[in-house]
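Report on the structure given below.
We call the chains A, B, C and D, going by the order they appear; numbering starts again at 1 in every chain.
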Amino acid sequence: MTPNLHLWLIPVLPLIGAAINGLFGKRFSRQTVSAVALGFSGAALLLALWMAAQFASLTLPHVELLATWIRAGDFQVDFAFYLDQLSLVMLLVVTGVGFLIHIYSVGYMWEEGGFYRFFAYLNLFMFFMLTLVLASNYLLMFIGWEGVGLASYLLIGFWFTKDSAASAGKKAFIVNRIGDFGFLIALFLMIKHFGSLNFEQVFQSVSSMPAETAGAGLLTAIGLLLMLGAAGKSAQLPLYVWLPDAMEGPTPVSALIHAATMVTAGVYMVARSHVVFDRAPQALMVVAIVGTLTALFAATIGVCQTDIKKVLAYSTISQLGYMFMACGVAAYSAGIFHLMTHAFFKGLLFLAAGSVIHAVGGEQDMRRMGGLRRHIPWTFWTMTAATFAIAGFPPFAGFFSKDAILFRAYSSPYGSWVYWLIGVFTAFLTSFYMFRLWFLTFFGEYRGEMAAGEHVHLASGSRVAAAAPHEHVHTGIHESPKIMLIPLVILAVLSVCGGWVGSERFHKFLSPALHSGVTAYSPEQVAAATPAPEPKEQGGSETLLTGISVLAAASGLFLAWLLYQRRPQLPQEIAQAMGSFYEAVVHKYYVDEIYAAVFVKPLIDGSTRILWHGIDRDVIDATLNNSAEGAREVSDAMRHMQSGNLRSYAGWIAAGAALVIGYMIWMGTR
Amino acid sequence: MVPLSYYLVLSGILFACGVTGFLIKRNIITIFMSIELMLNGVNLSFVAFAAQWHALSGQVFVFFVMVVAAAESAVGLAIIIAIYRTRETLNVDRVNLLKL
Amino acid sequence: MLHLIVFSAFGLICVAGAVNLLVQRHPINSALSLVVVMGSLAVEYLLLGAEFVAAVQVIVYAGAIMVLFVFVIMLLNAGEEERTKGSRVAMLFGIPGVLIGSVLVAWVLLEHSVTDSVAVGALPGPPKVIGWLLFHDFLLPFEVTSVLVLIAIMGAVVLASHPESKQPDKREG
Amino acid sequence: MSLGEFILVSIVKIVIALGVLLTAVAYTVWLERKVVGHIQNRWGPTRVGPFGLLQPLADGVKFIFKEDLIPPHVYKPLYIAAPMIALIFALTSISVIPIGNWITVFGIRTPLEIVDVNIGLLIVLGITSLGVYGVALAGWSSNSKYSLLGGLRASAQMVSYEISLGLSLIGVLILAGSFSLRDIVDAQGGTFWGFIPRWNIFQGQFVAFFIYLMAAYAETNRIPFDLPEAETELVAGYHTEYSAMKFAMFFMAEYANMITVACLATLLFLGGWHGPHRFGPPIVQAILPVFWFVAKIFAFLFLYIWVRGTLPRFRYDQLMAFGWKFLLPLAIANLVITALIVALRA
């Protein structure tokens, strides 16, 4: 008997917070609202920590059945929660980072209208995210999956009076639908072929199947469809377009949802489904290719962005690409490791960026910043830690995880030097654009219009009119309040130390979940499945590869220093030299425009012409209208029968009776 | 010896007279009497069939018809009185507003 | 033979009464015609042997229900019928319908009838047997009709009672 | 008995019955005038014949020779038909009333009634219930306010009291178990403890007799329920517009009805032709039941007249309230109790 951990409490606690704040928050003071929100998410964190403490004594995977949800014949879906090493890591990341960002948000959102609404959404997001992480079957996971999408939509569109925020929310929602479509079909395939959606049963069924060596079979189809879902949620090619726009939401939201937790759900899902992917090499390859290309692609765009949050958004996409690259070479633990460290440093980056934006009064364009390191030292130092972490300098957290991925990309049986090469180049780009951001923001001279000095909070009514989404317009650059700085510091510490666990130990910890008995694929099978890779030399090459990646990071730092610190006019010249390519990169390769022309416009036109005018107006509405019209006309004709004259009624009855009698006699005497 | 069908034809004639009365009479009381005439026609066929099948339940049915006819006439005449009070006419052609 | 004569005589009276009901324009004449019809029907019942039915026919129909009709006619002082042309439907569809229906039924009865001849008093319905049937085999219908009659009595009282309180300005006298 | 004999015997009996009945009617009128006269401290008819015994004859002659006046605005067919209807139904009802046992005359054995039927009581009820048409039609066809009110009152009153009347008889029917008047009388033969006759009135049907009496007064439009012809209010009620022989017909119908009611009361409650021990020679023995029967009728009629001379008239609403709210519940109670007793005794 394993102890009952009451896993359901972890998701439900934030839900209670969301319900309280959502239903009654309007009448609460800001203190009460934040107390409720922090209390319940903090309780979830404490519970998660307590569980982690108990973890050693559990038999894994630990499944807790709450209730039966659907039962139809042999098919059954339960409200059940599933705890193993993988979900524990996710649990801790989500509750931990989530709680920290809750704290940060109290300070960040203090001046905003809809304070209670924000925290209700945030807690709701926590509920769905934890459901996703703890679900014991794909359907419950899907509920969480959709729920975080909903929360994301609500929070991106938090300033819904702003048109760009509202349409960014819609865009996120719609693009995610495409991915969900793939996810759903994958679920249907599972129901059809395995008769269950429970992780354990599905994996049991799958592991009894041989690896698909050639051609596209069932598992490849499921894997590709799951990848489609993951690509939607985790902003991979070609469905990444929503994430940059999602930066319209408040910065803590960007940090929590669009950097640290929700967007990594795709990675988590792929890792969770590793049993399927292990037996579908083609699908796995697609994952790797998509991840690699996304990493490179987003990084190039990030180089030219000037909006501080957009840079971070593309950086997030790029880093997610890394994670998928790791998953794609069957190095799930490396992917999850990077997921964790990324949650720390990217959350920190966003929060620090928020702090910067806060400091300069809502300005997001890096070209109008500069020299802020003297004004906001705490933000500067934490940001520095995060930047070094993401760039992959040892001993910061990012170094360990990125190094693990790059090494696995090269050495894994599924890996290839191509992945590695692109990965290293991307690491160089990452380092470059991050230090570009760093230099532009904190060094040089201040280029904004704002004068240092007293700051005055304007009335909240001016928010809508304000150009920036933030209402607090300050008259001077200033450091953020303590409540915002504390999470920054904690995350900075984690960004520095988070990687010291080491990828090997992390791999060992996760291996029961990722390579447990069910998943085990024998080397023979792998050898048969993937003919290409020869055994690679391990020991010596690892240090070599590590060195190369560190070198790439350092060269990125150098280049950024050169261009933005030493010779600030140089980028302009390079841009002119690059000409149309630069233009394309600045315009994000015109992807949004292409999508608009290829998908959105035909869809809208087709919907207008065929669905709206053709089907809805001319068929459905016309059917209704015509039948109503017809009924009216028939009634109008029949109305005269209802004369109210008793004898007329009797006449009808007599005529009808004669008909009936005639019919009966005809039938009877035939 | 009279064939049973004669009784039935007689009953049919009475019924048809009743229906005709319903159709051609204007006085609401006469129309009501036409209904009674129809009921009587039916009663005759009940009794005739009872004789045909040697089943007394046919005659018992007549009692039920009578009881229902009595109840019906009580209520019906009360309705007629109510109509007369408000409309001050007994002509059904003038009582066609579908309300009292 | 005598049977046929008696049957035909009272049958003719019956039909004559029914036709007279239709022809007469004054309701009281119609009512009396109907009494005649009922009385001759009672004789037909006697011919069939249903003595109890015949007696009840006279007592209930002729003696009570028709008295009620006459009473209402007198109470409302119903005059001669107006010859309004209120319903073309009744004339166009109803009358032909009745004619067709009754001719069809009569034709079927006379041509395709498989019924026997009946003797005088073919099925005596002594009151004792009828009563036994009513209180045993038909007990439930009996009770139900008793409830029906009770409801009808109350309904009639409610309908016919003068709603004085509702119409204080009703013309009186 | 052949068809010819049957017809002959029937005709003879009809003639005798009609003659007796009409005579009885005539002398009931005489009796009433006499008795009421004495009650009111007068002499009554004395001039025509001894004790005025020929007065009815003189009245008849007078009615026949009076001018038969038909008022101009009456609805003629019914005006003429109404008294006939009234009289016909009044006289017809006597046809099923037995006045004694079977007798044998000239070798033909026949009952002492026009026809013996097993549902005699029902036929009497049916015919008397039709009698109301005469009164109602007379009132309506006269086209006079008094007559119409009288007719309305008469029909409402007769329909109402008919229910109590019928219900009061059912107790007797339950005791006898037959609709045949002869059977009912036969069931009342014998005595309790040797001296109390087993008449229905002594078999617990006293309440029923009382109800019957009240209802009978109302049915025959007699005081205290003579509202239809209340002369102080309606001149003469439904027969206000009638004169001469038509008036006489109503008159005769009323008294014939009284006699019918008296006969029924005798048959149903007072033991019919059963009387004290038989005595005397055989011819007397044969006549005696008829004598007892006539004597009981006479007593009943005397009661009628006595009440008429004694009681005042009810108001119309009192009449209706009495009928519906007192007599009817009482009759139902009596019926239920009788049925209960019979069921328990069985």
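Note that a residue touches a chain if its C-beta (ideal position, glycine included) is under 8 Å from a C-beta of that chain, and two chains touch if they have at least 3 such contacts.
Only a predicted model underlies this, so the values are computations on that prediction, with no experimental measurement involved.
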Message: Measuring from CA centroids, which chain ends up nearest the centre of the complete protein set?
response: B
Query: Which pair, B-C or A-B, has more C-beta contacts?
result: B-C
Field: Of all other chains, the one whose Cα centre sits farthest from chain D
entry: A
Query: Roughly how far is chain B from chain C, going centre to centre by Cα mean, in whole Å?
result: 5
Message: As a quick test, compute the distance in whole Å between the mean CA positions of chain A and chain B.
response: 81
Task: Measure off the straight-line distance from the CA centroid of chain A to the CA centroid of chain D, and report it in whole Å.
output: 107
- line: Cα centroid separation, chain C vs chain D, in Å, comes to 29
- line: Residue numbers in chain C touching two or more further chains are 52, 56, 64, 68, 73, 75, 86-87, 90-91, 94-95, 98, 101, 105
- prompt: What positions in chain B touch 2 or more of the other chains?
  reply: 19, 23-24, 26, 92-93, 96
- line: The positions of chain A in contact with two or more other chains are 643, 645, 647, 650-651, 654
Query: Of all possible chain pairs, which ones touch?
result: A-B, A-C, B-C, C-D
- prompt: For chain C, which residues are in contact with chain B within the complex?
  reply: 3-4, 7, 11, 14-15, 18-19, 21-22, 27, 30-31, 34, 37-38, 41, 44-45, 47-50, 52-53, 56-57, 60-61, 64-66, 68-69, 72-73, 75-76, 78, 81-87, 90-91, 94-95, 98, 101-102, 105-106, 109-110, 113, 115-119, 122-123, 125, 129-130, 133-134, 137-138, 141, 145, 148-149, 151-153, 155-160, 162
Statement: In the complex, chain C touches chain D at residues 28, 32, 35, 51-52, 55-56, 58-59, 62-64, 67-68, 70-71, 73-75, 77, 126-128
Message: Could you list, by residue number, the parts of chain A that touch chain C in their complex?
response: 641, 643, 645, 647-648, 650-659, 661-662, 665, 668-669
Message: Quick check: in the complex, which residue numbers of chain D touch chain C?
response: 78, 117-119, 122-123, 125-127, 129-130, 132-133, 136-137, 139-140, 148, 151-152, 155-156, 158-159, 162, 177, 179
- prompt: Which part of chain A faces chain B closely enough to touch in the complex?
  reply: 642-647, 650-651, 654
